Structure formats: C-alpha cells, structure tokens
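Both complexes below contain subunit A, partnered by subunit B and then by subunit C.
Here is the complex of A and B:
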C-alpha cells in the first residue's frame, strides 16, 4: 500500500482540513468500496483477495475516522505531531471541568431515577454543545491554523463524546 | 473444497457461460432456495410445487434421512428422531438451552472436558450435531436446485440472522461445507430482504427491516442510495421468534385443560409435539379469524378441545411483541435517526403476519409497514440476487452491500472485565489492533480470551476463543508490547492474532474461533460422504493442486499483460520466474510441492496486487471504468 493511500484525506481525495464536504466523503467512500470490496473478488486469487480485504478495511477505518468530528480533529492533530489524548495533555479550563462534573451528576441522578427522557434531554444538550465546538474547531484548524488552541477544543469534544456514549449505554441498560 | 472454489476466467471452458448460483434462506421453521433466471429472482419449487421446505429432519428406522414435509408429518409419531427448529441450537452449548423441559430431544454434550460444550442430539442414527442436521436441510435444497437448474452449482449465498454471533455464523458455514456447497458469502437476512425489496422498488432513503422469523428476531436500519445498501445499525434477539408464540398457546392450552381435569397425566414427547403443532395452526388461523379451536386426542385417549379468541391470543403474547421493540429502539439510537428520518418499514418473516405485530410496528414508526413482498420468500429472493452478482454473472457495479458486525468483540482484562476492540455496528470488513503488556517481571506467556457481547463483565458475554501466546522474551513488567489484532471478514467471521513486537523475537498465533466442528471433523465427514471411486485422497489432492496452480498462472499472466506497467521490469521478471517455476512443478506428481509453489507465487505477487487495487481505486475516484480489474 503506498503512503499516499494511507493518508485518510488523500484516500478520499479531500483537502486536509477540519471542515470537510461530508457528501463528497460519502460518495467517494462508496466509490472506493465499489472498487475494492471483497464481494468484487469472490472468485479471484488469494493475493487479490488479500489486497481487496486490506483496502476495504483501510477505507472503512478512514471513513469512520473522518466522519466523526472528534476523531477527525484528533487525526488532524496527529498529522501535526500532537497527541490530543496523551497523558501529558491534561490541561482543560476549570469552567469546562465544572461543566463536565455537572453533566456527570445529571447522568447519575437520571440513572438512579431510571429517567430515560432526562437522559435523552441531556444527550441533545450535549450534542448542541458539540456542534458549537465543531464550528470553533473549523476556525482554529482551517483559518487560524492555531493547533495549540485546537488541541484544547478537541479534548473538550472527546470528553463530550465520551459522556454521550456513557449516556447511550445507560439508556440501553435501562431499555 | 478447493475444486469448487476456482472459477477464474481463462480457466473455465466457457468464461461467459451463466454460472449456476443460488441464494438459500436456512430458516428456523422453513427453508428456501432461489436463483436468478432471465434476470428475475425466483424461488425454486420441489416436485410437488412446494416452495417452502419445512426445516425438519427425521432419522428414519431404515437408516434413511428424510427432510421436509414428510418428516414434518412424522414429528408427533417419532418426536425424538425428528428434529425441528434445529437452527435454535446452532453454535450453542448445552447450557444455552434453558427451556430443555419443553423440547423432546435427548441433548448430550459433545466434549465434556472443553469449556465450550458443543451440544449434540441423541438419535437412532447416533449423536448428531446441529451442524450435521442443518447440512441435511441444505443438501436437500442443493439437490432441488441442481435438478431444477440442470447442472452443478458454482456456489451459494446462505443467509443468517443479522444478530447471529460468531459461533452461530461459523456453524452455519460448516453446515454448508458439509452439504458440499461452496459458500460465496454469508449474508444477513434483513440485508437480503432489503436487496429484494430495494431493487424491486428502486427505493432510496432510510429503511427499517423488521424481521421476525420462526426462531430469531432481527431489526436492521439501512441507507439505500443508488444501489448501495449501507447497514447503519442492526440489533435483535437470536432466541425470539414465532416458535415462542406457539409455545405461549401451548402453555395456555395446558392451563385450560388442567382447570377442568383434576388428574392430568404427564405428556409424552409425542403429545408435546402434537400440541405444539396444533398451537402453531391456531396461531396461523388467528391471523384472519376471531377465534381458533384446538382439538386433538392425546396418547392416553384424552380429548383436548379448547377455543382461543384473538383477544386472548394478543393478551398472552403481547409481552413477546413488546420484547421486539427494545432492540428496535436500540438500532434507531445506534443509527442516530429519529422516526421522521425513516422512509419505509419492511416486514420480513412469517411471524410478521400476526396483526398485533404489525400494529405494534405501525404504532412505533407512525407509518404503515410495507408488506408487498411475500415475507416468507423475500430473504431467499435477495440472497439469490447477491449470489448472482458474486458468481460473476452480472457485472453489476451498482449493487454493493455494506454490512456491519452486530455485536461488539473484545478481550478479557484484569478483574474479568471486557475491553472492547471492535464495537458493534462497525462496517465490514474491519481490522483493529490493541496493545497489551505483561504485568509480571519475566512473564513469557499471556492468556488471551476473546469474547462477544455488549456487557462489561466477561461472564455476561459469549466466550469465543481462548488461547495462549507463548515465547514472549522475559523482560520487566510492562515492557513487552503485545499487539492483538481482530479481523472480521465480509462474512462477519472473526480471526484473532497476537504478537510480541518490542523485540525482534516474534511470537505469533492465529485463532479462528470454532464452536461447530473442527477442521479435521469436517474433512473426515466429507471424505466419508465421497463415493469409493473418488476416495483416492492422493489423486484428489493432486488434482486440486493442479487446478489451483492453473488458475493462478492464468490470472497472474492476464494481470501482467494488462497492468504490468504498474511495477518495475525487475518486479515483473521476478513474478514471471515464479510462474515458470510453478508450471514446471505442476507437470510433476507432487501435490505438496505444487501447493508450496502456488504459495510462493501468491507471495511474489502481493505488492503487484496491492498496486492494481490502488490503481483501480484511483480509477473509481476519477470516474473512469476499471477495465484493468476485469481479467
């Protein structure tokens, strides 16, 4: 596999930036799957099957990374040599930490009360919060190229993603 | 089965000949086989005009094996040797069967000492595994198809419930191999239904496939767009289906009888089977009638005569309908969609004929479900369309199925907790690696336990495989880096490999979890089923080796002619040398040497194949046709 195709942005013929054309991402993902999916190589030789499996796997991984804003931001930072989730990268502003604790408490209360509507409400609140962070990221990455500031916002987004998946898990156990 | 798998153009006598491929719906209650003929997907019928083959296998006193309607007719007379709903036991251990009291079979454990106690059923023909019993159903369908199509099948697409775990999928694939079928793909039932439905209706948008079969419930949410069927989420219950509704009626009938009969004698196995059959008939009757009479005479002469109203039926089974809604909500949440985003809801499976099931679905999705395709046939019809494409009959660039893994896959970590490596609803194929380290100084081995499921505790998940990685160089705790890679292929089947990579020493192991049969067992069974004329193992191995040698030589030669310019002349010559070497060896009579030369040639062409794949993707993105791939 050439290096060019190991780059997720190049793989989908997209410019390397945070703000991406998701319709184009989807369309190109489907084109690549159409050309490489193992279903196209059912009667091919072992080597072709392997190459097909590798490329289809890579494009699935790349697609799921670029499709999700938090993972896309983390990946972009990696390209600039920054590990957003490194142990050394722990700094987050106090007000965000307070906010996060508040969300956690709301979730624990809702869990104890088995209150699914409350969880759903918290989920949509967090998703709105994530949307705001995404537009911030678009500016920091693509206009200002301020990767230090982008790292902090990315970490916030990853935190929110984690809380969201915890809420979803809690809803699932109750349902 | 290598002889069947080869279908390289250039090898076969007539490359553009229509290849016979079928789709098989291996159902809990009924099974079907379908094929694409003159562009139309059609279900194949037996000599009596039946499309549905009851999934019932009887081991008769004369040593013969009877499958289908005839076996079904005998189930009350010979219950312990007539196996119904065997699909419920696929990939299951004896401990998984919780309602054993209501099942008239004698279960035994195949391997007492192993952690995975594969179950078997004691019959007059000996102990039979669910894989072997299912293979009888598949053999019967294979015979029907070959008779009807007038030739040998190139391969088959076999459908499985989307919510089947790895063990159940592996068992299904083993059953197909045992029946002598070349499995082109295992396809999820709701996805197959979506193909049949979507292509028929040129549908676009988000569709829910609600599939309540005889023994399994699946719900899948797909995005359909220009021939691409992308599964967004799937969920279900692999032990919930129409059978459970029959069972509720059966219990209700017994309660009624006990109310009026003080000394009710215990039921024989035949009575149980008879009452369950009557219960199923009552359920079907209630689809279009207000009440159903259950009337039969038990073995002790006692007459059972009770009447069940439609309202009572709803009352005693509503909780089963409700049980399907939780997976439905989960799938909707995983797909991140709301009710308003849903374009259509397709009903699949005979059990969706029950009016209260339809009402529940209609109420939740706020739209009338689509029932314009026969819910019993739609899965087989879709599987046949996919089989036709996979066999290469239709170079249909427009049809592409992107399916997902239904259950998360993970590893046991300290304290009996699960570390998820691949999350559910990840698009296939997928590979994910996770690094682990040693926790003791000088540790040279690591135990790896692979599990499947959503819960946090290992004990709440299904155990798939357990193996030990040995040969880790001794070092301080936490210094070793052990990379465990999970790969799930397009059939949804998992393989796991582990390797220590901090030093040059490589300890590597690869495991394919097998809950069904071991590779040796399958080989032995297959051999036993070959006629004596073909039983010359050596001759067969040599023939197989030569066929695969011929196939790879012609495909590599064609690929070099078309795309040789993608690699350097030196690389081309290296491949050509291997081709010539293989041709020389293939002329001799040593099967092992031929297979080794095939492997060597395969290895030599890896970089070339990757380059061709990349080129084809570039072509795909720039909108050009991918001629280079058509060998």
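Here is the complex of A and C:
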C-alpha cells in the first residue's frame, strides 16, 4: 500500500488540518466501508479479498482517529514528527495537574455516592473545557502552524478526554 | 494483562494514601502526569531539619501499576535523605514490581514525582534561607 493511501486525511479526501468537515468524514468513511464490505468480495480472488480487508481495517482506524479531536491532534503532531505522549515528558503545568486532581476527586466522590447528576455536571464542565482547547488547537494548527504550542494543548486535551471517558464509563456502570 | 503479586498487593492495599499540609515549609509536593494514559500522580514528602524524609503520602489516579509504583516509593522514601530519594531510579521500581515493558512508564512517572517533590522542598528551603 502506498503512503498516500495510508494517510488518514487523504483516505477521506480531507485537507490535512485540525478543523475538519465531520460530515464529509462520516460520508466518505461510509463510502469506503460499503465499497470494502466483505459481501462484495465473496467471489473475488485472494489478493482482492485481502486488499479490501486491509482497506476496511485502515479506514476504521483512520475514522476513529480523525473523529476524536484529541486523537486527531495527536496524529497531526505525529505527521510533524512530534510524539505528544512521550513517556519522558511528565511535566505539565502545575495548575493543570491540580485541576486534574480536583476533577478526579470529584469523580471519585460522585462514584462513591452513586451521584449521577454530579457526574453529568462534571462531564459537561469538562466538555466545555475540551471545546475551548479545541478552538485553541484549530488556531495553533491551522492558522499559526505553531506545533510546539499545539503539543502542549494536545497533551491537555488528551488528559481531559481520558477523564471524560472515565466519567462516561462510571455513568454507564451505574445506569 | 497479568499483574505481578507485588503490584496486586500495593494496588489492593496501597500504603500511605493521602495528603500532607502543602503549606508546611517542611513539605514538598511533586505533581506529574502521563499523557499517554492520562494518569496523574501527586507525591508529598515531609523532610525534617536533618534532611531526612519523615513521612510520605501519595494520591494517584491511574492504572494498577501507577498506583503500585507510587505506593512502593512512599515506603522506600521514609527514613531516606532527600539526596538518596533523588537518586532512586525508575528501573529499581520497575524491577521490584516486575513491571512489564508496557508499564515501565508508570515507574518513570513515580521517579519524576520524587524528583519534583525534592525540587519543591529544595525551593522552599532556599526561600527560607534567603528570607
């Protein structure tokens, strides 16, 4: 498979930037999914079968990466040779880590009290935070091309994304 | 993934969970985070006038290995000097807990938390001396 086909943005005919047309992403993903569906390759040769399967797998991975803002930002940085989640870099702004701890503590208390409204409230607060970071990212990536600053914001977004999915999990568990 | 018995022991019975008074001039705080997994770790140490760590507490939100790594270091830190604490390597933590390669970053996090806590207490001591 050529590099062009492995590129997540090119795969869905999207410009390589943070701000993407999610409707177009969705539509082009569905197109690839139906074109590479195994049902269409029942009588095809082994090579064709394999190629369609590889395309289906790649498009799944590409879609889930581009759909999620944190993963999309991380992927864009990788394309610029930056590993936003390198193990060796554990230093984050102190106030951000404090905030993380507070959110984690709130979640822990809400879980212990089985307080779903409190979790919902925390979740919407975090989603608002994530939105703000996303608009920062769109400016840093697409207008300023400031990848160093974008790395810092991406790292924060990954943390928030993680807390959000933990809250969702806790809510689902209690529901 | 299979956790080692030592990880399970620290995970199920974490030692020294909690906080110390962050405004105490003898208390140093280290806060670190691992973006790869979203783990956050807070380590607090209380250092007496002889430079010996009298108490250590931690609070970690993360996987079993991250909790075990921080729990273990709080045990190791008590009674050591801050210089000795600073010299603790993540490889010692990983070895003690038999962490698999994918969990080595949890021990890195714990080492960095110690270094951050030591840096904080040194900054507090320096501020006191110059005051």
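Quick notes on this one:
Criterion: the second predicted complex is superposed on the first by the 175 of 175 C-alpha atoms of A that agree within 3 Å, B and C clash if a C-alpha of one lies under 4 Å from a C-alpha of the other, contacts with A are read in each partner's own complex, and residues count from 1 in each chain.
The rule we apply is simple: a contact is a pair of C-beta atoms (placed from the backbone, for glycine too) under 8 Å apart; a residue touches a chain by one contact, two chains touch by 3 or more.
Small disclaimer: the values here were computed from a predicted structure and weren't measured.
Judged by the touch definition given at the top, the superposed model places A:100 against subunit C, while subunit B stays out of reach. In the overlay built on the shared chain, the residue A:28 is in contact with subunit B alone; subunit C does not reach it. By the document's definition of touching, of the two partners only subunit B reaches A:51; subunit C does not. With both complexes superposed, B is the one of subunit B and subunit C in contact with more subunit A residues. After overlaying the two complexes on the shared chain, residue contacts for A:155 are found with subunit C alone; subunit B is out of touch. In the superposed pair of complexes, A:172 makes contact with subunit B only, with no contact to subunit C. By the touch criterion defined above, A:85 lies against subunit C but remains apart from subunit B after alignment on the C-alpha atoms of chain A. With the contact threshold set out at the top, not one residue of subunit A is in contact with subunit B in one structure and with subunit C in the other. Those residues of subunit A whose C-beta lies close enough to touch subunit C in the complex are 84-92, 94, 97-98, 100-101, 104, 155, 158-159, 161-163.
Across the complex, subunit B meets subunit A through its residues 5-8, 155, 184-185, 225, 228, 230, 326, 329-330, 333, 386, 389-392, 397, 400-402, 426-431, 454, 487, 489-490, 551-552, 555-556, 602-603, 605-606, 608-610, 612-614, 616-617, 619-621, 626, 629. The touching residues of subunit C, when paired with subunit A in their complex, are 31-38, 40, 42, 59, 61, 104-105, 108-109, 112, 116. For subunit A in complex with subunit B, the residues that touch the partner chain are 1-2, 5, 13, 28, 30-40, 42-48, 50-57, 60-61, 63-64, 168, 171-172, 175.
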